[in-house]
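Alright, structures below, take your time with them.
One chain, chain A, appears in both complexes that follow, with chain B as partner in the first and chain C in the second.
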Partner chain A sequence: MSDRITALLTRRRATLLTVAVLLCLPPFYLDAFWLRIGLFSMAAAIGAVGLALLSGTAGQLSLGHAFFLAVGAYGYTWLAGDPGPGLPTVVAVPLAVLMAGLAGGLFSPVAGRVKGIYLGIATLALVFLGHHVLLTAESVTGGFNGRSVPPLSLGGFTFTASDPELTVLGVPFGAEERLWFLGLALFALTWFTARGLLRSRPGRALAALRDSETAAAVMGVDVARHRSAAFVVSSMYAGLAGVLLALAFRRVVPDYFGLVLSVDYLAMIVVGGLGSVAGATAGAVFVTALPLLMTRYADQLPLVAAPGSAEGAVGPTEAARYLYGAAIVLVLLYAPDGLHGLARRARDRLRRRRTTPTSAPDPAVPSPPPPAAAARPKEHTP
Partner chain B sequence: MTDLLDSLLGGLALGAVYALVALGFVVIFKASGVLNFAHGSLLLLGGYLVAVLHDDLGFAGALALAVIVTAALAGALDRFLLQRGGHDAHSAHVQTIVTIGVDIVLLTELARRIGGDLLTLGDPWGDAVTELGPVTVADSRLAAIVVSAVVIGGVFALFRFTSWGLSLRAAAEDMEAAALMGVRLGRVRAGAWCLAGALAALAAVFLAAFPAPGLERTTGQIALNAFPAAILGGLASPTGALAGSLVIGLTEALVVGYQSELHVLGEGFGDVAPYAVMLLVLLVRPNGLFGAKGAARV
Partner chain C sequence: MNDRTTNDRTTTAPPELAVRDVTVRFAGLTALDGVSFTVAPGSVHALIGPNGAGKSTCFNVLSGLCRPASGTVTLGGTELTRLAPHRIAALGVARTFQNIVTTQGTVADNLMLGRHALTRAGFTASALRLPGARREQREHLARAREIAGLTGLGAHFDTPVGLLSYGDRKRVELARALCLEPRVLLLDEPVAGMNAAERARTAEVVAGLRAELGLSVVLVEHDMGLVMRLADEVTVLDFGRPIAHGAPDEVRRDPEVLRAYLGTDATGEDAA
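After this line comes the complex of A and B, so read on.
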């Protein structure tokens, strides 16, 4: 038995290593366009994981994610820039994340008491009020035109096109290649901390809270405190995503951080499958990459006109929006547990097909585990 | 003093229109537990239909057709998309997100058709004004107040006196018991969605009428301001929606009217004032002004 567990662990580690190596390859083979897609996807994934912790695990609906992304992005820009304290950029990153967490904490009198759909609308207020502040507080945020983002520099190594010039294995490393590895590191950090958190004591308390608030309270879970804490942690992930987005965009503008962005994040976790880190990541990649790819390959798609052609034609942006909206509807109607659930069911079916013929002749072999989908408690959505 | 009266009347008119939208939210939420994020695009659809059809059918005919089409679309949306998900509370959350997807598709299509244009609705009020003692009011605002009052009164009568209203209230109280007593949940729900769609189409006319410049692709976003109105009153309470809408409408009009005194808050604070008010109310009463704190059974 222990042999099997060790084997399983080794296999898991091997898979992890393979994935990590594969993720390090793109900068050597793909051009800047693909790297930017990857970069935005990684930033989105970090934010989506944060929202998944809140919505999927704590059962809270938040439409305020764009606000916390904005706090992270603008926090970094202000802390490291001029006007602003002009701190070293390495210090500005964690401080910006803490700022986002603090903003989440300040909202906790509402976040701890208001639940479900009410919280969703309450957080809507954050987006609108935040957007208003971004437009108004010009000395800090640069107003409507936004601010340019100071590049991150790590002990003399800057994440820009040059300074110092860097060529690895014959590939010149520009800003995209360097930021790719930064994004990868931050995403790995997110992945492991979030998974750890889900399996820890507070994570289980949150899951209990989602399934039944009353039962959880009876079992000794401090409802308001855990709700607020989930909100703070979720906004810190959003802040980190905001920092990475700011670095990738090199300029922050208020109009990016609007309601549409919040809805995008909600769509990511729903399309991916609620309450799972892998699902949130898959959803983030899907939602981020789809419009970019559609715009790029618009001329090769049927029924889609090239950008800037005749008025009233279906352009690539519209086509991407149609697909995106339809994807949300279809995924939720036919696979309410999202891409993650689809993948799990496919895996179960594959495993059953593989194990059934071998187990039939030899009764000593333990029967295959029951399909996980059936054993799993019904997932709760925000 | 005239300024104050001006703002109050403007706020009342705005609140009356918000009430039409917020009542739609509440009716849908009561019947299905879903928060309809597609309400803004339904509203835009109603306005767009009036704008396109009024040349051929006249304003009244266009409005009637727009109301019917929007109501039918809302009902069909519920019947053929959302009700596939079931009736329990868990699926209500999923369906809420489905409406976001529907909104994206519908809004993209309407925005593509409208483009950058400003559409006129051909309403009979035009830019006429009426002198009411010291203040001058746009006729369209008076019409908004009167029509909303009549329509909302009618909706409340529907709740109170028809068997559909009784079924709706019973279903909102206890879905299972209502189903066992012979209430056809599917029909009651679809009826509620139709009603909400009709109200949204009607609201669009007043949102695009004078002093607003006309119907644009962003008109649907105004429906978002009815979110705070509905939440403020408590999502399950029609009376609350009415009160919330008046509070939100008056706040917005007063903030805009006294903008010069409030310039510390920044330009355009009127647009976000509803949300600030909502946050303050939710701090004190997490279930809204009229929302009941239900006892939970385990």
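After this line comes the complex of A and C, so read on.
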């Protein structure tokens, strides 16, 4: 028994190592376009994991995620920039994340009391408020045109095209290559912490709140405190995502942080599967990469016009939106537990094949549904 | 068993639970009307009565889910009526529900939820997987496994609750309540919908708990056989009013009780 557990552990460790190595390879082979897709996906994944904790695990809907992304992005820009305190960028990153957490905390009188979909409506106000402030507080935010983002520098190392010039294994390391590794590190941190949370006392308490508030309360869970805490944690992940986005964009503008962005994040966690870190990541990559890819390959796609060309045709961004709208509908209809659920069921099926090689199912006979599919926990709406 | 996870509340006698003149009104309907009873430390106190008599409302008052219009509930020297449910849980009052209320995940997840009030790991410590938080989780998981064994769920410890049979899921609720290391255990129809074998098993578990852990049990149950077997004292409610009180044998002969259960033409038949 314990041998099997150790074997499983080492296998898991080996898988983890392989994935880590694979994720380190792209900067050596792919050009800046692909790296930027990866960067935006990583940033989105960090934000989506935060929203998954709030909506998927704690069952609290938030439409205000864009606001906290903005707090992170603008917070970093202001803290590290001029006008602003001009702090060292390394200090500005955690401070910006804390700022987003603080903003979430200030909202906690609402977030702790209001439940589920009603919180979604309440947070809607944050997006509009935030957008208005970004446009009008020009001395801090730069107004409509936004601000340029000071590049991050760690010690003497700057995450820009040069300074110092860097060539690794014959590949010149520009901003994208460097930021890729920063993104990976932050993404790894997100996975580590979010999974730690989900599998321990606070995670169980949040899931209990989602499933039955009364049962949770009677078992000793302080309902309001945990709801607020979930909101703060989710805001902090959003803040971190905002910082990475700002670094990747190199410029922050108010119009990016609108309601559509919040909806995009909801789409990510729905497509990926509510309440799982891996699902949120998959959904984030899907929703982020699709419009970028479609813009790039617009001329080769049927029914999609190249950006800025003929009127009346569907632009790539709109086409991408239609596509992921369709994806959401399909997921809700046929795989309510999202990409993560699909993957899990496929894995269970594979594992069952592998463990019972002697009684390999006759291809003519449809195999019975795997137990995981039947055991799928009851659905819930955020 | 490690000292850190055993709670001293299990080693000392539970305090007395006293309900005094509790009245609950829901928009004109008086669900509980001047209900008083006392649960002696370490005893099993049954709360019986026809459907709608206010038994579950009484439990909701005891666990803090429902605030009475007047009256008090005290546990030892502590007044419970003004406390939030999670504070009452922290004092060692655990309950089960009439209709099963488990959460998603495995039996282990549910039982570990029962350890919530006894554990400390917060968001930061858990997110960073600090050694203290991990050790705490390990130790409490061991105790949860023990309790699962005690309630006959040992084999299902890592099974998703959704896969379990009805009787097992009811037992998950019981085990989860026990994971709180309660001093007072409120059981709302613990054997409802179970078959004879499952009933006997649950009755055994409850009787064993009381003998081994010395906790006080408040029991709401329609199964009179079980009530008569387990209870030291019985309080009978009818339309929110207490109509009889005493030892099981006295109560079953009380004319008021027979009337409440069987109607006005009762001929002295056994209420059970």
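The definition used in the following text is that the second predicted complex is superposed on the first by the 363 of 382 C-alpha atoms of A that agree within 3 Å, B and C clash if a C-alpha of one lies under 4 Å from a C-alpha of the other, contacts with A are read in each partner's own complex, and residues count from 1 in each chain.
In the analysis below, contacts are C-beta pairs under 8 Å (C-beta built on N, C-alpha and C of every residue); 3 or more make two chains touch, one makes a residue touch a chain.
These figures come from a predicted structure and were not determined experimentally.
After superposition on chain A, the partners chain B and chain C are accommodated together without colliding.
Once chain A of one complex is fitted onto chain A of the other, the partner contacts of A:81 are absent, as it touches neither chain B nor chain C.
Contacts of A:205 after superposition: chain C is touched, whereas chain B is not reached. Shared-chain residue A:273: touches no atom of chain B or chain C. Once the two complexes are laid over each other on the shared chain, residue contacts for A:193 go to chain C alone; chain B is not touched. The partner of chain A that touches more of its residues, comparing chain B with chain C, is B.
By the touch criterion stated above, A:215 is placed in contact with chain B and with chain C alike.
Of the two partner chains, chain B is the only one touched by A:327; chain C is not.
When both complexes are overlaid on chain A, the residue A:118 reaches chain B alone and has no touch with chain C. In the superposed model, A:146 makes contact with neither chain B nor chain C.
Computed from Cα centres after superposition, the angle at chain A between chain B and chain C reads 80 degrees (steps of 10). Note on the superposed arrangement: chain B and chain C approach each other to a least C-alpha distance of 6 Å. Counting contacts as defined above, chain A residues 212, 214-215, 218, 378 meet chain B in one complex and chain C in the other. Those residues of chain C that touch chain A in the complex are listed here as 63-65, 84-86, 89-90, 94-95, 97, 101-105, 109, 112-117, 119, 121-123, 126-129, 133, 136-137, 160, 162-163, 176, 180. Residues 61, 109-110, 113-118, 120-122, 124-125, 128-129, 131-133, 135-137, 212-215, 218, 259, 263, 266-267, 270, 311-312, 314, 318, 321-322, 324-329, 332-333, 336, 378, 380-382 of chain A touch chain B in their complex. Across the interface of their complex, chain C is touched by residues 192-194, 196-197, 200-205, 207-208, 210-212, 214-223, 229, 233, 371, 374-378 of chain A. Those residues of chain B lying in contact with chain A across their complex are 35, 81, 84-85, 90-91, 93-98, 100-105, 108-109, 112-113, 115, 224, 227-228, 231, 235, 265-269, 271-272, 275-276, 278-279, 282-283, 286-288, 296, 298.
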